[in-house]
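Several structures are given next for inspection.
There are two complexes below, and they share chain A, which is joined by chain B in the first and by chain C in the second.
What follows is the complex of A and B.
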């Protein structure tokens, strides 16, 4: 199956590009930091009080900080290629073990948010798409535009003020229980749901207007049968593609929302790493987020080839029929 | 039962007034009924009113007795149960009417399962596909079918619900003349003594082939009706006469002018391969000023690619094209198949033409002269292309090409989307322009009658063996 190979090849190349870009960016960051690198790393490891010239020299030796910039860069990229992300400058733990800890929490949050967004966005989008031009449809455009325009840090604070401070229904921060998950997931989900509803609405409207939708009714199928057999099938590919792309927004949202709600995830870790100039951690988290984007979109691509098997045959065939 | 549909005083009203004047019609078993008319005559609306599928904003009037049951057409809510079960609809442009993501067999099988509630629906679907010669295409997606195959698949899917009355809405729209007879045979073949067939078309050859009763519609009115054979042989209404006369097979042959001047484009041993398929091979052409060359062939035979290859838009796989090097490349022009998609949709036509005039320093007088020559009202320039009729838009496209003073024009199926009378007007106009402007014209069409009467020279492209034959 050549389309499978093409998808995997393309995404693999994309993953490589993500690795190189993140590597270059963090390498430059590392070099641009003021002060002596070895001292800083030693301070991160042993604490400022215990940082001596010997400790710094040892670090310098161990990490090969004396090499020229080009060699150092190749080393740096080589480490990434071997998935050796080094150690956190702050905790001294390997970046991998730090990230695997946090990733679970982030996935939990992101998963809940996506699920919530789909539960809200898909039915609303489909409903309005099938009733284009109705009051509900026009209301959707208004509400979704407002929801998308609302920054997440503001939405998060508003939710905290209402549900945690005023109503005292849910905790404002923390981790471990389902009740801790509700507000951050909701904050993350609302913007996503708004966008998803709009996309679903457009896709549904397009399908419902199509000749094949009309013809399916003429064949004698009921509205329900037409929708489930011909509607959903054709709505899914664009919506799924969009959802994959929304992962960028999601990653961005995770950073903001985790910080607001003190959620111990990868976004939270990223912010902390930036504050503490913990470049290996910045690199590790950025890399995981970037590769996560590639992975999600690979899965989306594979799912779509299953639903829509037309592949590249479609353009050439159509052209043959229409233009002779 | 002696009558399948007895419709009384059917009319259609739109927001700006009446679109179809009250019409009464009778559909009898075994006797096909065909309504012919041009785009906008209201023939499709009449059919939609009988099905209860008028678009929102349009209101049907009148009543109909369909398969023994009375329906009030102004309240079509309860007509839906007729669809698929009593009335089967063959849609326009079937490749758009088939679910692009569902395989051929399933599009038929689902109707057997869900509408006819048969447990052996799959087997019935296989039998249906076999009947129309699609057995080997059962696992294909609509995008992998040719226009004719898609048409037969749509036909099978429409009939799977067991309906006895067949409606066909412009079933040959966008199809080659070669496929037209196949569709007529398909429609008549299932008619039998019991079935009903109501066809709406602008294609007189299809109407002739289907036979039975004919109604001619003009601006929402039936102007003439009677047996198809008599009506088409001896039309009495003026409009029907014009319609029949506008058929390419009834045209007078154009006075040819075999140009002796040097060719503006010459091709030797031309060959093009696209997508691994050799479209044609060894084509020789000399296109001279004032001469019209036709290219005839079926869909997908590469006739468009041949013209594009001459213009340098498609890479050659063999042979060579020589153009007079002293002539600037923009003087080799193309007229596109579908006028609306050859114009920017959102800006007025005048704006587009003015931009072109500035670019090529065309003076105002020349534009006015062309407008007058092509019988175009200057008012049209104030409109976006969507608000201009197809025939006018194609004439405007011709004017756009003429503005840059071309020496060669490649017209790619320039009238295949136009009505008969409009087609004749545009073709006549094209012929006059060729003579006056000393233009070398290459015209591509699937209509042999048209090319034979209009061209000085016709090249036939045969897809199967990839060769070209010259005639005339």
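What follows is the complex of A and C.
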């Protein structure tokens, strides 16, 4: 119980620090970008045929952009303190409603990708870890390195060409049905699966070499019994820690994949918000993503504490960090 | 065992018989993102998807046609316009379309900057079934302005208290069933539509930013109608059996804007030299991949404005060098021209939203280098062009200007050339041209005036026309009745159907 309280307390403090840093950093970066704020926002709203000095002047007026950066920042902090993320400067919708909509789409995509990656990576990694040095094991290293090295942009287009254009099994892009989810999720999943297979292979190999594993065998348990009773549980913590860290990579991948497949997620929205200097959207999105990482790490900590109650969650997570 | 299970699950998710083109939804893919329900933000999409309507329509030649207004007339002094509105029209929520709802919608549109706020309107009132618009001075392009997307009529309930629309409740042959900004929109046929009902029962719109993805959607049969293709995709799709490529010349011109107040471009001879340095035919066939070299500003699609017999803008680098020498520009040690210690090195501003622009800029850089001019390309956000116009630091800018936003280009000319504007002349003023444009705007101009405008622009070159655009769409061959609108007001959904 005390370890649970410690984990939660630490993560809560971390969330606060992340929130402040993200808020200041995004604000400063958005202001430091070249180009006139009012013109960029007008461009985002009205498109290139209608972006004029007149439109920019109206935007400047409407949003009070002349008030200076310090005042604008204080306004934002004040709003945050009231749990109000403000409104998008481009669409006029509340940032919160836009983010929940987009975050849902991204989580759906990321969740499907993680699931697919686990379905591919875990069995392959365990299989090879138990047969270290075999042809299959060496093949895994080769294939996973190749899959890791392939840019997601290329991978996405290759998958579209194979599954949508050649085989006509799946839609090339779009959003709405389950079938639209498959290709973007697979694009994200393959790279993740490759890394996951490698980590799982290492963990499995380590466990299979250990004295307690040897002992379990020696006392006469079958391979199956040894694996499920003594292997799996010991393999899980490093793999889970690694998976938690992969969300950083996933967030990066989501930006690329969402753009290729026309997926209305948070990565896609963030790019557009930066383009159009939609400061509240950028701040809100970055804040939600930053807090999302803290949340995921907390969940991973809690899960590991439950699986391996010997140490406290944080130290095993740290070991995982060094490992990854 | 786990592996086999994993494989089975993977196969069942990725290879399920996804019945793709089997449904009856007509799928449109285009690059434009849905920014919101308000006409000022994404009204163009609602108009293109046949969801919203305007009082006045335009046909593919740009001629005005009745829309929600059956006819219109203007008083002798040109100050009062009377629009006879269609009766028995209802909005998608069942509420009636009347002269007062139209007046309210137009008043809301007019309160926002742009288009209608630039027309000399003093009041918009309902007079029985008629809509009366009063002006402070004659303005012949008013009906054309009412055909633009920002002048679309939404129901009173569509607007929030701040005048921004929160939903798209309009009168068109399709109504919105689901809108997920920024990327998707679904519609179904409006069974209560006042005009001929469309054959297509349901349609959807997907905003797909990447041209490669859009082309692949056409190729895979995922989208029935793909708008705006890049030149490379057009060539590839031409060999795909199930897809037809439709191209049309549009009133959009690729042009190079010059700051005529800048010492490098302050004489006509200098601007002419720049124009002569450009091999337009080579550039168009290499980058745009269709023969579209511009010999004047107005493309053939603008029948009233295009001058068939005009003396074309030629390509002659030697003549260009001679003109520059005549202006005192002499090659320096590195071959770049100099005059009184000033190097002919200028910034060429452009933007990558239109993928061909940075390519064109790179070709221009080379062509200018051949006559001793160093152009430094700055490919950035397009808003830098009006921003640098406003603060006076712009030197050259390469962009594509649409003269068909309003079916009558006079509004665009007023904004851009009489005397100057963000997407037109800079540091340049021509009293004769301003007078002619004003005269044409008030409705008293003639075809000769239009010809004169065209020839002044060609002689003075405040901007240098480079190429005329073509719009290209890839449409499934299972679709009939395809018409590509050069004025980009409509995708033509109401006229299309799936072949049986």
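Everything below uses one rule, namely that the second predicted complex is superposed on the first by the 260 of 324 C-alpha atoms of A that agree within 3 Å, B and C clash if a C-alpha of one lies under 4 Å from a C-alpha of the other, contacts with A are read in each partner's own complex, and residues count from 1 in each chain.
Basically, a contact is a pair of C-beta atoms (placed from the backbone, for glycine too) under 8 Å apart; a residue touches a chain by one contact, two chains touch by 3 or more.
Because the structure is a prediction, the values reported are computed rather than measured.
In the superposed model, A:40 lies in contact with chain C only, and not with chain B. In the superposition on chain A, contact of A:16 is made with neither chain B nor chain C. Judged by the touch definition given at the top, the superposed model places A:104 against neither chain B nor chain C.
Taking chain A as the reference, the larger set of touched residues comes from C, when chain B and chain C are compared. In the superposition on chain A, A:69 makes contact with neither chain B nor chain C.
When both complexes are overlaid on chain A, the residue A:310 reaches chain B alone and has no touch with chain C. In the superposition on chain A, A:55 makes contact with chain C only, not with chain B. Once the two complexes are laid over each other on the shared chain, residue contacts for A:210 go to chain B alone; chain C is not touched. No residue of chain A touches both chain B in one complex and chain C in the other. Across the interface of their complex, chain B is touched by residues 210-212, 214-222, 225, 229-230, 233-234, 307-310, 313-314, 316-318, 320-324 of chain A.
Those residues of chain A that touch chain C in the shared complex are 34-36, 39-40, 42-56, 58, 90-93, 101, 116, 119-120, 122-124, 126-127, 157, 160-161, 163-165, 168-176, 179, 182, 186, 259-264, 268-269, 272, 275. Those residues of chain B that touch chain A in the complex are listed here as 51, 53, 80, 83-85, 88-89, 91-93, 95-102, 110-111, 114-115, 141, 143-144, 146-147, 154, 157-158, 160-161, 163, 174, 176, 275, 297-304, 337, 412-413, 444, 446.
Those residues of chain C whose C-beta lies close enough to touch chain A in the complex are 2-3, 5-6, 9-10, 13-18, 20, 27, 29, 32-33, 35-36, 38, 40-41, 44, 113-114, 164, 180-184, 186, 204, 206-210, 212-214, 216-217, 219-223, 351, 353, 380-384, 386-387, 389-390, 399, 401-402, 405, 415, 421-423.
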